[in-house]
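Letters A, B and C mark the chains in the order given here, with residues in each chain numbered from 1 onward.
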């Protein structure tokens, strides 16, 4: 088996440092928000994780198309890595959002378009893994996975619009619809720094984890290959 | 080669590529719908199961939501669509399991017709089953709750919603019957991706039952149409990948 | 009629067919023999255009697979160990359905002809679910030759049949072969194969390990030949 590339080792280290730095900026450097107080600080990580997870999901749909055209299992392994890492980041997004929502909206959860779409997106990608679980033939698993991920990726934006339409016609139950709640604090200079730094840091961390996960997939593949060779 | 075939060869009708032309395409779709309806109208297995299940779901909603006159008005659309969605998975599963169990899916794939003809054939059959069940549930619901559900607008919404639901449902059911988990997998795969259809359909149906004008519900109806078009197109393009090895 | 060059089929990492060469002349009846898991069914599914080759060339009746699958399908009949019939339709309806799928003109005439051939004309209006396994299998053969294919593939047609049903199937198979069709049949039943085939190919470890005509085998005996091929 090949050694972990030096670039990845460096990236691992950089990711850790960036995470610490982003935390420092969010917790220490950024000023306390006037209305919401300290809890607003989760916002930096919330947006950071959401940003990379959403890019991951878009990337997943692109990988579906690439796999279905090339039928090369390499792309399937990359897709699994992308979905897995994105699902975890998105889960963090949702949990952080909840922590923020409790004091801001006075509830852990509301069925607002973004939250609902987020929950459904998570369910789609959990279903993606359940589907794969039930198929033994690797090519078939990859094909079905790619098809489902593509359909999931197509449906998510439509779902978002569907819920928005639902909620805009009906009165919003929770006071202060989230669009305003989220946008109604203006960010000062330090806040902006913390915000953009978090976006940057999570992008790097995502790439790092993604890379590691792809390597893990390659290893799994190699283990299978050696098992098969040993069997003959 | 026997004489009959040699004669046919010369006339060019036998050895030629049946099914390559548009006529063969539509004929194949028609053949699949014909055999599905024929078998179903003999056994009534699928429709009766969907129907009984629908009535049970309505019964459960009735008591779970305590459907008195006031609440009934606001939740009718929701109850109807939840019922259709649940009963729909039952029908889709059964319809595709029938193809899988005796190897008939292979039989369809062996025919010299475009794969998408098979998709559309199954899609129209499944849609027909769904519409038949809905056509029975609607009057029953109307009688039970003393509301008139036979309004042209509502029927249009039900058609659009069922098309969206069945288009993607046929594709996903074809997938799920080919996995180990089979029946239990379909709702898990299907519901998160048809969520938009169900929402838009509930919204539009509710609007019609509240006597809103068409302009008021134009948005959900447009959304339904958009969804239908996108997912029929997607299924059409992807069906090949889930039946070919 | 059938030419296969260096055919490779992989399922993920598992290689089932490893550079297989195979050829069938028009009118031949080839028995493809081999132990379970040798890849017989996989190979037949590739010939039937149900499965795509990973590598290699497959040419059937002058058409290439998978590119010209539609033309191949029109010239090919397949009988597998599953009946490929609908239980809630009568024998006649099943055939009528397939006649439409194949775009057969004068289907009524042809259906009667086929039902007579497989000896089911008296039971044409019975539901297939009421048929015995042997009758289903005979009808399955009728379905496979309905469009008068030049080539017929049989995948273990005797699976699950008792003595009586097997001998009736023998008769039908002989009729099919006598109509000048090219036949490829997989089997692990050497006695049946010996009775029907004009050539015997042994599939072992993903390649044709040995091939012999009926005359060559007559001198030694099929079982000896089979054992040698697998050992060698």
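Just so we're on the same page, contacts are C-beta pairs under 8 Å (C-beta built on N, C-alpha and C of every residue); 3 or more make two chains touch, one makes a residue touch a chain.
A quick note: this is a predicted structure, and the numbers were derived from the prediction, not measured.
Taken pairwise by the contact criterion, the protein chains are fully connected, each one touching every other.
Counting C-beta pairs in contact across A-C and across A-B gives the higher total for A-B.
Here the spacing of chain B and chain C, counted between their Cα centres, is 35 Å. Between chain A and chain C, the centres computed from C-alpha atoms are 50 Å apart.
Centre-to-centre separation of chain A and chain B, using mean CA positions: 33 Å. Among the residues of chain C, none is found touching two or more other chains.
The residues of chain B that reach two or more other chains are 245, listed in rising order. Shared contact sites, meaning residues of chain A that touch two or more other chains, fall at 137, 139. Those residues of chain A lying in contact with chain B across their complex are 68, 120, 123-124, 127, 130-131, 133-137, 139-140, 143-144, 146-148, 150-152, 154-155, 158-159, 161-163, 165-166, 169. Residues of chain B touching chain C in their complex: 1-2, 4-5, 13-20, 24, 27-28, 30-32, 34-35, 38-40, 42-43, 45, 98, 102-104, 106-114, 244-245. The touching residues of chain A, when paired with chain C in their complex, are 73, 137-139, 221, 224-225, 228. Residues 45, 48-52, 70-71, 73-76, 78, 80, 82-89, 93, 97-98, 100-105, 127, 143, 147-148, 150, 179-180 of chain C are the ones that touch chain B when the two sit in their complex.
Of all residues in chain C, those touching chain A in their complex are 11-14.
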